[in-house]
Structures are given as structure tokens and as C-alpha cells.
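Labels for the chains are A, B and C, by order of writing; each one numbers its residues from 1.
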């Protein structure tokens, strides 16, 4: 419980889900054969960090930013640019560090800007900045490789062709991919626990007080701008870290995989579906969304095939239209379950523990 | 006393526009300047059409509709449906204008209709919850875009302008595209109409009053929610009309059109000041002109023009050039 | 003197704002043809009571009857349309509009009748002088006159005014008092919230005193005006010393 910063899941089902998720992710290379399954598991890990970092902003601080992908992209491009010139671990670490540093700096500058403008202005500005970052990455071919992006090789230890052991261990032939997976797993676990520590610290509680009532928090003597700026910087730093991991895992980086608006929508969905203001929700949301991306689309094409005779139905269930379904789910969740999966489960647990007085 | 001190502070933002136009003249020949200025004004007018509804809806109800771009796309697809992909190219000028007018009317109707449904199904459910409002309009925007793809397809649709609306006229040695001149005229008409409607009609006064103090308008016996629905529908209708004009200008329509324009529209609204009609017009023209001048003088910098302009204005006036005057 | 059925009647009205319980069962009767004054210290709940009547806050419990009709559940515009003209504490003047335009919006049915406008201009001649001026450029007193004049210009059965003297110079208060006294002569029913006891005493027929979200005293204004000890007990020295 110390490790979880006294933030208990709060509902047995949620606790069971989280434990199951942790176990599956911890033993994914052994449990899930095949490169695709391992790639999905790695993606889940990376998006847990990204969604959790965004939740720090959206859920805990109440700041609506559409520029989280920009930081994600900065981390990814930091690694990509550093590694595309060759180089090994030092380049990887320096690239990631540079991406994180630039992200934190940019986030602080944006926080200063947010001091001057209304919250709704800020949301619109972040949208414009995110778009600008995407266009910049597509156009600045000399640095970013344009639309095609950058393809590079990673240090030998985590490269797919690397096999340190002659014989399989527990039935699995250990490769660089597996080592990379466990590197990502470790970084994600530590990041998540650190974020959990942050939101349950006095600092995290001040953030929530500011979210509930900025004027009151200010009147109580909290320097809201300082807290917001720090939250933005932390959120940006962790997003960049996630981006660096994505680049390392994919061994390429392009605007579409790191900077696109639809990616931003994915992050929003993860946080909202999981439950804003609960990091566990971000973890669950990220898992649900990544699984849906990989397995909902094939499901839709089955539906489309089955519904061939019905007018319009094939178009509705076309796997290319899966965003339509995500949009619908999103709207339904925001309308009817604004607390998300985790918030709703916790509300149930609370209701059971404290039945309303008749 | 310096000359600046003689000018009332609140009229300073209006001076930015003539200043920009004059400074640009220093950097290029007169005919180039004239061509670029007309192109910039035309682009500004298109932006104004797309932005005016957004800013009014926000002023009235504090709702920022992130799905607004979807209505621009809707209008663009409707003009493709009306004009087809080229069969009407040979129309004379009167017939061509008639067909475009028909497309505008249909787009306005569809924009208003879909807008009302959108308001009923989504916006009304999250009144007074800003965070959920942003999220639900983002979600609604995705749904709208995907539905449009289902109806009109995901492939880019070519939209050749009727021949009568192509070509240029030469004025003072500068080639001026006919269509751009037309857009300028239409933009001016719509700006004037909006301005008159808001300042001269009782309904317009009521809208301005509600922008300032919604509660008082209700305490006087007016139904602000009806007013809001009306403005919402008018705003989405104007966005759809903007889509028609954009589509004819670009000669190509994709489902991403609205999503790309909405970024510019947001910048317009931020620069102009949320809720302000005059600010919206001023900012639209500024953005249109700056884009064209910079694109000619320093093409490499064109990419950052919009963002740079936005940041400069925000540092100068954090609430925009002409915040919330209601007119 | 008391009318048998009051025009406006509050019975056991409770109001919550967020999680705060502001009104704890307010009972009040406003008889037709008289001026009823609601007195009380800052924070006693007077403004909340008026806002609840107008439907701007929702009563969580209790009844509000106007002209025999239950209105607690009606939306604000419907309440206003029954014939209640309301001048809020903030005056609710549309500053971006001119004085003339403010009057165009006085009545939801349409432009106000010329006879009514003339009566308003007779009461507040300065509004006629400022007819084309933007309301935002008016002084505080002129804005208050515009707010009250706009309410008068609408056809109404009850006029509710929230602290018209607030922040005004004494000469302005005197002018307002005079104008409202003329309305009173015309048998307009008024519910007036005031902290200025001199003004309240000059206009009121009936009086109710609020404290901590409850009515703690009600009766004839003449009785309260004559009883210094009662004034001191109910309103405190600061109010009594206004006279």
C-alpha cells in the first residue's frame, strides 16, 4: 500500500482487473506468443504512461489541452533524431532526455501563456499549437524526414535480431524485442507509481482543490499558477517519456504515429472512458482502447460481412469507420457515465459501504 | 503629445489592418500587392463565414463547439452534390450563379437542420459543464465527420468551378481572380447583414443583450434557450455556407476540410475576441491578408504565420482585439 | 388594510445554493396595491429570496404562489410573463445597448406602449436626455433609473426591486424615492428589498425583516418606524442610525 501511495483501487472488481492487467503485462512475452501480441502489450504499457500523464492535466488539474501529442511527439522525435545518426545507448538516452527537456520547457511557456488567457482560449490555442507541430514535422524534411518519418536502428541489446541465450527460457527464446519489452515495462511501472505518488501527495490535493474552485484555492493562499505550471511540466515530461519509448519500440517515428489529432482523440478517450481524475482509470482506459484498436477493427469487418444484405449497414460497420463507433462510445460515456469505468465502480463501492439513509 | 496618444485606445485594434496593408505595399510592386490584397480579403471573408457562428454561439451560451468544422465539411459536400463533378462546367454566368445560390441555400438549410439535431442531442445535455461540453462536442464532431464519409465517401471529390466563375479580370495591371472578387462581395454582404441584424432588429438586440446578461433577458420574459437554438442553427448554417465557398475555391473536397479550417477559425476567434462580430471580421481579414503577404514575401515562414499572429495578439491583448462588444 | 388573498405568497420556502442551505422556510405575503419592504442585514437571504421567486434559484422545498398560481417549478421567462417585473441588485442594464434599445427589450410582448414610456420619462427625465447614449456610459444612478424605468415600462402586476439605493449618492436616493412614491400613489404593487431604512420607511406599507434565511418579524411599517427599540433589536444600530 505504501507503494500505491495509499490510493487503493476501491472496488474488488477494479482491484482484480488491475492485478490481472499487471500480471498479464508482466508475463506477456511468456503468456502471449507471437510478435503482434507482444507489440500490443508494449503499446498498452506506453499508452498507460501517456494517458496517465494526460490525466494529471485533464482529470486532476482540469486543464483541457489538445497538445499532449506534441510532447509525445517531441519525445519520439528526440530519440528518432538521435538514433538516426547511428550511436547506441548514449544517443538513445540523450535523445529521450532532450525530448523531455524541450517538452518541459514548452509546457512551462504554455503555462505562462495560460496565465494570461481564459481556460477556453487555452484549449483552442493548444489545438492550434498541436496542429502546427504536426505540420512542422511533416514539412521540416531535413530534420524529421517529413511525412515518411525517420527509421533507425536501436542498440544491439534491444534489437530484434539479438539472441543472448542459445536455448529457450521457460519455452521462450529471449530476443532483443523481449528485452526492450521489459525495459518499457520497468519504465512504465516506475512512472506509474511516481505519478500515483504525485497525485496523492499534498501537491496533488492542491491541484484538485484548484480544479474544484480556483478562486477559493487562491484565497487559501495557494499559488495556482505555480501548481498548474508544475502539473503541466510533469504531464509534458511523462508524455515525452512515453513518446521516447514508442520510438524505441517501433524503431521508426512519423507524424501520423506521434502527432496526429486522431491520436489526441485516442488519449482523450482513454482518460474519459477509464475515468478522469483516477490514474487507475487511465491505465484501464489505455488498455481498453489499445485492445479495441487492434481487435475491434477485425470485429467490425466480420459484422460488415455479416450485414452485407442490409442497406447502409456495411458502410456503418466498415472497419475504416471505427472512429464513428469510438465517437459514439465517447459521447455516451461523457453523457451518461462522466466518471468513467473507475469512477462508476468506486461510486458503487461507496454506495455499498455507506447506504443512503432512508 | 504623441500622435498615438490622440487615438482612443479602444480604436487601436482597427488600425492594425490598414497598417498591415500599407506595410505590405512597401515590400512589393503595386500590381502584386493588389492581387495579394484581394486574395487575402477573399480568404478573410471565407474565414469570417466559418467563424461568425462559432463566436456568436460562444458569446451567447459559453459553448465552444469543437464540432463546428464538421458543418463546414457538410456545406462543402453539399455543393459537390449540387454541382456534380463537372457536368455543369459550361453554364453561363447567370446560370452558374443561380446554381451556386441554390447550393448555398441547400447548405444553409442542411447546416441549420443538422445543427438543431446536434444541439438537441448533445449540447443541451451538458449545459453548464464546460469540461464535458468540450468533450462532447469533440465526440460529436468525430461522429459528424464519419457520417459524412459514409454518405459521401472517403475519397477526395474534385469540384471544378463552373467556367463562368473562373478566370481573372485585369485592374491596374493586376490580375484579380473573378471568384475571389465574388467571395469578397459575398463576405461583405454577409458581414453587413449580420451587423444590421444584430444592431437594428429587435431579435438582434435581444441576442446582444443575452450575450451580455442571459439571466436578465430571461427575467424580462424572453426564452433564452429558444434564442440560443436559433443562433446555434444560424451559426451552423453560416458554417455550411462557408463550406460551399471554400469548396468552390479549393476545387477539391475531402472530409478533412472542416478539421483543417477549424484551426484557422479558432485562431480567428481568439484574435478577434470570443463573442465579438466586429472582432471576428477584423481578425478574419487580418489572418487572410497576413497569410497571403507572408506567403509571397517569405514562403518559408508562411507555415507559422497564423500561430505567430495569434501569439503576438495574445501578448498584446489577452482577450483578443475587440472582446465581447456584442456587436 | 390587509387584502384577503395576497398577490404573491411564499410558504415555507427553502433554497439551497450548491451545498449551502440559504433559506430556511420563508413565509411572506405581498398584498396587491401596497408596497412591501424586506429588510435585513447583508447575507440575511433577501436577494436569494427574490431570485428564488424569479426562478433564478430553485426552491428546494415550499410553495410560491402568484395570483393564485403555483410558480415554484416554472422557468424564469414563464414567471416573468405572468406579470412580474424584476430589477436585480446588479440592475441588469444591458451596457452594450443604448438607453432606447434597453427600452425596446422592456416587454417580451413587443415595443412598450408610448403612454407607458411617457410616464417613465416623466419620472426620470434624464433618461430622455440620454436616449441615444450607450447604457454603459451612464452613471450608477442613471443606470438604476434605467433599470427601474425599464421594469415600469413593461406591463406588470408586481414590481420587485432589489436594493435600489445601493451605492448611490444621497441626492440620487432622494430622487429614486420620489419616483417610487409616485408609483405607490398609482397603486402599483411593489416588493422592495432595502437596507436604507429612511427609504424603506418612506415607501413601505408592510415590512418583513429577515435574518439567517428566516423571517423574524413582520407587520406594519408604521409600527416598526415608531418603535426605536424594535428597530435596534431587529436591524442593529448601523441601520437605525441611517435616519
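Quick note on the criterion: contacts are C-beta pairs under 8 Å (C-beta built on N, C-alpha and C of every residue); 3 or more make two chains touch, one makes a residue touch a chain.
Keep in mind that what you see is a predicted model, and the values were worked out from it rather than measured.
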B-C or A-B, whichever has more C-beta pairs in contact: A-B
Farthest chain (mean CA position) relative to chain A: C
Chain nearest the global centroid, as defined over all protein CA atoms shown: B
Chain centre separation (chain A, chain C; CA means) in Å: 55
For chain B paired with chain C, centre-to-centre distance based on mean C-alpha positions, whole Å: 44
Chain A-chain B separation of Cα centroids, rounded to whole Å: 34
Junction residues of chain B, two or more chains touched: none
Touch list for chain B against partner chain C, complex: 202, 205-206, 208-209, 211-213, 215-224, 325-327
Contacting residues of chain B [partner chain A, same complex]: 58, 62, 64, 122, 125-126, 130-132, 134-136, 138-143, 145-147, 149-150, 154, 259, 263, 266-267, 269-270, 274, 303-304, 306-307, 310-311, 314-315, 318-319
Residues of chain A touching chain B in the complex: 58, 62, 64, 113, 116-121, 123-125, 127-129, 131-132, 135-136, 139, 261, 265, 268, 272, 312, 315-316, 318, 320-321, 323-324, 326-328, 330-331, 334-335, 338
Residues of chain C defined as touching chain B within the complex: 54, 56, 75-77, 80-81, 86, 88, 92, 94-97, 101, 104-108, 110-111, 154
